[in-house]
Amino acid sequence: MIIVLKPGATQEQIDHIAERLSKVGLKHHVSKGSERTIIGVIGDDRILSAYPLEAVPGIEKVLPILKPYKLASRDFKPEKTTINIDNKVTIGGDTLVIIGGPCSVESEEQILSAAKAVKEAGAHILRGGAFKPRTSPYDFQGLGKEGLKYLASASQETGLPIITEVMDPREVDLVVQYASIIQIGARNMQNYSLLKEVGACKKPILLKRGLSATIKDLLMSAEYILSSGNPEVILCERGIRTFVEVTRNTLDISAVPVIKELSHLPIIVDPSHAGGNWKWVAPLSKASVAAGCDGLLIEVHPNPEEAYSDGEQSLTPTKFINLINELKPLVKLMGKII
Amino acid sequence: MIIVLKPGATQEQIDHIAERLSKVGLKHHVSKGSERTIIGVIGDDRILSAYPLEAVPGIEKVLPILKPYKLASRDFKPEKTTINIDNKVTIGGDTLVIIGGPCSVESEEQILSAAKAVKEAGAHILRGGAFKPRTSPYDFQGLGKEGLKYLASASQETGLPIITEVMDPREVDLVVQYASIIQIGARNMQNYSLLKEVGACKKPILLKRGLSATIKDLLMSAEYILSSGNPEVILCERGIRTFVEVTRNTLDISAVPVIKELSHLPIIVDPSHAGGNWKWVAPLSKASVAAGCDGLLIEVHPNPEEAYSDGEQSLTPTKFINLINELKPLVKLMGKII
Amino acid sequence: MIIVLKPGATQEQIDHIAERLSKVGLKHHVSKGSERTIIGVIGDDRILSAYPLEAVPGIEKVLPILKPYKLASRDFKPEKTTINIDNKVTIGGDTLVIIGGPCSVESEEQILSAAKAVKEAGAHILRGGAFKPRTSPYDFQGLGKEGLKYLASASQETGLPIITEVMDPREVDLVVQYASIIQIGARNMQNYSLLKEVGACKKPILLKRGLSATIKDLLMSAEYILSSGNPEVILCERGIRTFVEVTRNTLDISAVPVIKELSHLPIIVDPSHAGGNWKWVAPLSKASVAAGCDGLLIEVHPNPEEAYSDGEQSLTPTKFINLINELKPLVKLMGKII
Amino acid sequence: MIIVLKPGATQEQIDHIAERLSKVGLKHHVSKGSERTIIGVIGDDRILSAYPLEAVPGIEKVLPILKPYKLASRDFKPEKTTINIDNKVTIGGDTLVIIGGPCSVESEEQILSAAKAVKEAGAHILRGGAFKPRTSPYDFQGLGKEGLKYLASASQETGLPIITEVMDPREVDLVVQYASIIQIGARNMQNYSLLKEVGACKKPILLKRGLSATIKDLLMSAEYILSSGNPEVILCERGIRTFVEVTRNTLDISAVPVIKELSHLPIIVDPSHAGGNWKWVAPLSKASVAAGCDGLLIEVHPNPEEAYSDGEQSLTPTKFINLINELKPLVKLMGKII
């Protein structure tokens, strides 16, 4: 950490800072420049995060040198993390993992029909929401436990592992019984009670980036899960909120290579929520694969017009099959398999 | 709702849309213009929110006419909502309500000392966090139940009502026993499980705007609480995330008059989190009062340098007293009392 | 255009609005709903853009139906625009056009060396700035006319057409003599004097999207050039400003398919400015090609460490050649040639 | 400047960096920490801005210590700049300067009528655009030279100094003959040719913040004017572009105290463009005064409904007079006069 002093900072102020650093066991080095004096802090200064140095008189700004996340960083674990799902598919390895299915589980028939279509297209994992975070309290809130049961029978029928969202720490125990992967939605990315709860369970977690989360924020939320004892975290870029008006969100495609450099965790992309319209799903999927992502999370509905939620961004089974077929040579070109 | 068709939409497509509208009991009116055909939907089309019209062939875009929130709107309730706190102060009325106190409860002495300072300055309510949402899992997470007890004794000693944050639906019952106002933090603004839980309790709720929440989003989250049966919601503007680099967040000062026009709910401002540094608290507080807010939520710490969290944005008791004194004539000028 | 009235709008207000519409030759249709009265405007209501309807009493909001740009839209010209550059390459057709070269022309040797490297790698066009828009007045501002001459000899030597930026309407005549394509930089996207000036010249224009420009804004700026008489406009996505902290800007990859749907103009991507670091150029280039762009604009410098500007985001010639080679099979897969 | 090395940076890389620093006359100090080696650069490292250190192998990031602007900073000139306008009013001093008038000059009668109303209300300066930057090429582009003449006669009649915008470096000489203050619009904040041109003239410049400009960007643009020889720069906050949907832009109210701390230049606020609707002008004006601004730039039109531009955000003369009257006691409270 580098502490930059204000012009005119007094020796008394410098001594006071030095004393604070010594108190927590950190050494330092004072360097007087022509326009500013700076203090270099020596040692693992992450322990200073609890101390508001910027409240100390004489300090202009504090520049961190080290990253605030540790377990999630490449510095800590240089080799890539791979996550095995039910001995059926591995995320973060050679396979470009395709997760498909409807936004919400609406009925036993609907999810089974979706599961068969998704399976036929060659996808690896079935998605479907039983607990739904909806902006409006008047919108469909999901079938709850019944939805989980329908997911389970669709899984049994097709052999596809299941990913489904959990919104409430009280429902983690229930969801764990049905899901192969637990999803944390974008709006809950900084719901720390929930992160700690899923950090204590034994299932892989797919953590969606929040609408206004920086890369650092996303990795800090992953750190919550990792530091609670669960090493299996899959990150998911799903678009951020900007001033752009045509698409629902703005897919931050750079997040794919950036996260691959900063972290060892797998990174997948959700082109359905990023674009907000089925029209953009194909080009955004291709872009994501070309940028090097580990997988795609795509909304597929047997009949999007009748969907209870997110119909406008769902692919029909036919469009989904076509997309997977178009992706295959691209995936191969990227040195992966589908 | 107005449905704008694509150029070249067919009669068959128009008939299909008409049929869908009829199915849910809505009338419509087709109007063929020179470049676009539009369909006006007649009746309360909010029931269409569950139907993804944009997935229907031939539709270019859908323009909503009505606001998606109802209970939170001025259309629904023209007169302003006032919220009585422990028969001591009313929020949303003639008093500019001042809430002060530390970010975190750190010890019995610290919160008592803060409470006394805040009381002496003329503030109405004491704030202090027992459960803390922290970006890093390695940062201080709050004293929990012990912190609530310390708050309770500080309240008893000073007579100040208490506001404190709840992060987990499982902790609502506990927090309700100690707090006069329950705070929902910015990161939990769309934690719908938590919103429903506090919507079912009998205490006023202070709902902080999320970092990337639009005004509509904020009012929709208020709608969750209101529609769960709790009519006492206080909205709080605390800065949004933008590209601006000097301040921690960007205070959206316009939100004050905008919310006063769109909603009957009281709106208060948190200048401490908006600016992220104690230096900006005074000017932002004055701006907020001048813009017409109903109150201020300000971080005050007996010794900011030693604070476990947010020290850089906390006022010392002396600075807080000075600020309140500077605010008094301004508040009076705005036709309010402090 | 749809005019939504406030609840309680009077008949007198409706009549007043009707009269205003009649004055400019527009018909209308009043529709009284249960909660709002709306007025549908019939005819080409773009003439209303000069009339501030939202200032008229009784109006809550105005919803446009038609797009504000005309010449730039697919509605106006359904077939894609192709732009021939010096009979050497066509932008917007089957070729994925590669434009490479340094940010700034620094010397005759430097630009010649860059031109040869770019040519050898298989690029089609040479870029290089003689007039440089720099955030700081103390930074290198470009060699001006001398730089243009160096570009010309590099072009003669290698046969590569040249693209270079113009910043000042007084310099358009000069730059036109040297460049095959005139570049308008992001900061000048809404410099309307400059847009009109290049709209009056006979050279293709590459128009870069501004840092906070919406898709509509970009197309409106293209409309300035098109309506000034120059039909050859190439659009360029180069990243927008968001809160994301790791990359210099956020590449809005969705802009590629969105612009292809809304407009007939070619769209190319500048991954160097979008990411701001050479590390991200390869993945962002691949993503852009996979998303369907018509070309790439990439910074290449013989010796990035010594570059007067943008060195950190420039590829070395070797890295550039490797990238082009990696792109070739991907371009082929997308049905294009390089 | 602090250079942070990558983990595993070699001695050879360190030597290479040291050599580069020596070449430009800078000393340095290497400090090896437990996880990172850092190099502190000693001397005025602003000369390094032309050298892309981040392109040098082994460097992870570069942390600037000094601000990139000099003439605009408080470090350089601690006392506040005051700017005398025609010996009639001083900006940056004890007067809260009110600038009022229409967006566009539309006719001799219109601007004269506006000028009289503005004068009567007690404003100090008349605004009115003769050259108009409009998003659409089909919108009213201003009356040009004729508009300047109308402004001049309105000024003669009322004695009010004039501020008007210049968009093109070729028009600076003309505008200088008529205006007492030259306005640079938000879209031209980084039009460096224009900045240099007005930097060479002898009139005060009002520089509007760009829609996505950081505080640093704004001060760097001011630096262009200052370093071209013109010391009289007035900064203007007029709202930034964010995701907020109700207001046209988001007024960054914090910019007022922040700029007062970082710079000696006066800062005024334009609440009309920030909010985009006359309804928000009064609360935003009050907030700006309370935050400490040096003046307000407000759109006033004799008949907003008939305005050629920005009618929805213009005050009528009556509303303007009422606003000024409401502001008077607030201005007094802030220790200023109106």
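By written order: A, B, C and D. Residues from 1 in each chain.
Convention: a residue touches a chain if its C-beta (ideal position, glycine included) is under 8 Å from a C-beta of that chain, and two chains touch if they have at least 3 such contacts.
Note that the structure is a prediction, hence the values are computed from the model and not measured.
**Q** Farthest chain from subunit B, comparing Cα centres?
**A** C
**Q** Higher C-beta contact count, B-D or B-C?
**A** B-D
**Q** If you average the Cα atoms of subunit B and of subunit C to get two centres, how far apart are those centres in Å?
**A** From the centre of subunit B to the centre of subunit C is 39 Å.
**Q** Averaged over CA atoms, how far is the centre of subunit A from the centre of subunit B? Could you give it in whole Å?
**A** Here subunit A and subunit B have centroids separated by 26 Å.
**Q** Just curious, how far off is subunit D from subunit B if you go by their C-alpha centres, in Å?
**A** Going by mean C-alpha positions, subunit B sits 31 Å from subunit D.
**Q** Where does subunit B touch two or more other chains at once, residue-wise?
**A** 212, 241-243, in rising order.
**Q** Which bits of subunit C are touching subunit D when the two form their complex?
**A** 20, 46, 49-56, 68-69, 133-140, 167-170, 187-188, 190-193, 210-212, 217, 220, 223-224, 227-228, 241, 277-278, 304-312, 314
**Q** Can you list the residues on subunit B that touch subunit C in the complex?
**A** Residues of subunit B touching subunit C: 2, 4, 7, 29, 31, 33-36, 38, 40, 42-44, 63, 65-66, 75, 241-243.
**Q** Could you list, by residue number, the parts of subunit D that touch subunit B in their complex?
**A** For this pair, the touching residues of subunit D are 212, 214-216, 240, 242-247, 250-258, 261-262, 274-275, 279-280, 283-284, 286-292, 329-330, 333.
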